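This is the structure I have questions about; it appears just below.
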Amino acid sequence: MADRDLLQLDRVVTHIGAYHILHGVDLSVRRGRVTMLLGRNGAGKTTTLRSIMGLWKPRAGAIHFDNARIDALDTPDIARLGIAYVPETMGIFSQLTVQENMKLAATGGRFDPARLDDVFRFFPILKTKWNDRAGLMSGGQKQMLAVARAIVEERRLMIIDEPTKGLAPAVIDQLIACLLELKARDTTILLVEQNFHMARSVGDDVAVMDNGVVVHNGLMADLAADEALQTRLLGLNLGSHQ
Amino acid sequence: MSAGRIASTRLSGIDWPANLLLPILALAALPFMSFSTWLTLTVAGAAMGMMLFLMASGLTLIFGLMDVITFAHGAFISLGAYVATEVVGALPGMAASHSWVASLAVLAAALTAAILVTGVAGLIFEIVIIRRVYGSHLRQILITVGGLIVMQELLVTVWGANPIPVQKPAALQGSVEIAGAAIEIYRLVAVGLGLAVYAGLWLLLSRTRLGLTVRAGVENLEMVEALGFRVKRLFVGVFVAGTALAGVGGVMWGVYQGLVTPAIGPEMMILVFIILIMGGMGSVGGAFVAAILVGLITNYSGFLVPKLALGSNILLMVAVLLWRPRGLFPLVKS
Amino acid sequence: MTLDGILSGDRPRSRVLSVLLVAGFLALLGAPFLFPGTKALGVAERICIFIVLAASYDIVLGYTGIVSFAHAMFFGIGAYGEAIALTTLPVGWGAILFGVVAALAVSAVLATAIGFVSLRLRALYFSMMTLALASFALIMATQLRDLTGGEDGLTFSLPRVLTPAFRLLDGPLLGVRMDGRIVTYYLVFLATTLLFLLMLRIVNSPFGRVLQAIRENEFRAQALGFSIVLHRTLAGVIGALMATLAGAMLALVLRYNGPSASMSFEIMVDSILLMTVIGGMGTLYGPMLGAIIIVLAQYYLQPGMAVLSGMFAGLPVLPRLFDPDRWLLWMGGLFVVIVYFFPTGIVGRLRERPANDG
């Protein structure tokens, strides 16, 4: 295995109930880079992320993180390796305050002041809402909180599932600014995204999925420059998202 | 009032209608009886409610966090009551002493022993029975009914089918007169313990990291795991705590009744389930309010129309469900 | 009529099961002659009645997948219907008929109400609500003393044809005295056979298939346009009516009814639930087998345990665990094991074998 890869999936097969969703996914996430995972709805992107997190156990194949096999581990043990996961549904605890949500994401419930300053710099609204119930916030604010939980500590890998879904452009710009800064600090990120503008802005590498397998690997810049390839891999619908 | 805060769905402030139900009911009963009778019944109802809360709190915690319903909870209540007979029986000198310290020490010893015994039994039950049936309510109901049968039979094997008497520690017998009403001392102790346990649970849930994890887990278990918390261990812990609370309820109820039978716990389960449904399954605050409601209703109707004691609880439950189909303080799940 | 016609096309589908069922049927058919004696006849009657009762519970539990704890209540209503009719009206067939009809009416109304009110709730709430309702019914039965005889229950007389004093034949047949007890037994046996076949027909009708579709996938069934509440309520009503008939039969054979005979939680859990689950939910043949096994265990496991208990005399704990009164401990253990490892019960297990047509 190449040591440049932090995360590697080899022929991962996942079933959900009677349905066969992943048919042998091969995917590498390189250290210090942002890898975009693109593809149509139902291509298996979310299932891939959930399989990495152990939320759905793969039936076959192997997942390595930093050269250690993790596909048999329980979700909490996978998370404890330093992997932050921001699910598509955000996973905000609506009955808890913003502060309590953040506390759960920080080891031992203690905040690193420098990190917390970063969070407030990226998302000032969270400071204002610090003691409010998270359930009372808007969708965009919840998404900021979800990302904030992931960055409240130093993580070795961040896995983020469609953070821009249904958000206003201004909020998307805030998220992009945040991701760009994380990228500048060499954070390793695996990002599922339908918004091509965002993908192009932050992605280094790209993997495209279709029907439960990865059908294309390459540099994001190459894909961004090649409209014919975009059309072939992603269909026309992606362009309209911009 | 804090009861609703733990799991209220109201978007802001306090859920007044649900919280006011209790005082309204208590006041509504007043015109039908003399003040001293009312006071006696109200204290008796509160005491019964607190003991019911002890029994129900464990079950509601288990359900809220683990989405597991156990019909075997009654057996843990019985087990706690039997432990009380052993402990009180083993300390005859202290139990007979009229010293407050000695009496409370006997009760504390019984409670401690019951917590240990029912906690360990709960641990075994979780490993052998519950762990295999997460996620399927049908199998949970069936298997815990099976577990209930086995546990009840084991209780009979150990303690026999005949009732075993247990005396209240001497200083806790008798009553005091307050505002012309005779108030049993033991009932005051039960109210005190119930309040203490409720306060303890409230502090634990709202002020500690463990509580934070539990509250988050009630809402979204998967995310709690994805944040690195080992939820399976938390489950075991909560199940054990829940059964230990059943044991505490069993001690208090067994000593209160003065006679322990194998059925003492399962008999109470009807009321416990009514409390769970009425309070909102999984809500600790809801169970607290509903338990006192049930305690009061049982005592008021027991005085006014004795034959309707249980029936009135069922009527109250139906009324509450018509008003709020998910109970007074329903949980939020995402 | 062909066998398929009689069994509504629902064959046992396992050779072993077929043999067991045929053996059970023949044993019950010839019970008064094969196993002479009052006790044996009582056991055979009880098996017949519990076959109807457990099978009727299977329509609710096995075919809709929800756990009701109120089934013994309907059994009790049937038994009380007969008991009250025969104690208050002049003894005769009219009273018997009136008791059955009145009980069926009460059960139908109650079961409909339960269905429409509580089947809308989550399955879990439904179970707890039925538990509360059942205990309420039990308390009513013990407290409405004037009507039900309270804890003591009601003892009553039957038409002469059904009593031991009645002689069907002057002399004994095959060494058995042909009295009213034999007549009663065969009435019960006939009713059991017919009711069982009727239930088999119901679960294999289009209605029964919709129930199974709902059990397998609620959303899909709903999407196909079937009303879940309506179908489940109807299943609940059918189950309740069958249980009521079983209760009526119980009262007739015992010539007595009281709370613990028909309505108690012991009947609900230790008999009905155990029989249905151990035999195999959702198969109807399972509860039939379960009823035979559990009733036999109730009567004959105990002497066996007494022997075991004696063998362990002097050892710690063991004699008490095998005490004849602890038979339920072992049945409970068996029940747990079955729910874990063979959720489809004995019948499901037998059908898994590659063997064929029975």
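Labels for the chains are A, B and C, by order of writing; each one numbers its residues from 1.
Just so it is clear, a residue touches a chain if its C-beta (ideal position, glycine included) is under 8 Å from a C-beta of that chain, and two chains touch if they have at least 3 such contacts.
Everything numeric in this text was worked out from a predicted model, so none of it was measured.
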| item | value |
| --- | --- |
| Most central chain, judged by mean C-alpha position against the global CA mean | B |
| Chain pair bearing the highest count of C-beta contacts | B-C |
| Most distant chain from chain A, judged by the mean position of its C-alpha atoms | C |
| Intercentroid distance (Cα basis), chain C paired with chain A, Å | 56 |
| Separation of mean Cα positions, chain C and chain B [Å, integer] | 34 |
| Distance between chain centroids, defined by C-alpha means - chain A, chain B (Å) | 44 |
| Per-residue overlap in chain C, given as positions that touch at least 2 other chains | none |
| For chain A, residues that touch 2 or more chains besides their own | none |
| Chain B residues within the chain A interface of the complex | 7, 11-12, 209, 212-213, 215-216, 218-220, 222-232, 332, 334 |
| Of all residues in chain B, those that touch chain C in their complex | 69, 129, 132, 137-139, 141-143, 145-150, 153-154, 156-157, 161, 266, 269-270, 273-274, 276-277, 281, 307, 310-311, 314, 317-318, 321, 325 |
| Chain B partner contacts - residues on chain C that touch it in the complex | 65-67, 117, 121, 123-125, 127-129, 131-133, 135-136, 139-140, 143, 265, 269-270, 273, 277, 317, 320-321, 323, 325-326, 328-329, 331-333, 335-336, 339-340, 343 |
| Sites on chain A touched by chain B in the complex | 53, 55, 74-77, 79-80, 85, 87, 89, 91, 93-96, 100, 103-105, 108-109, 135-136, 149 |
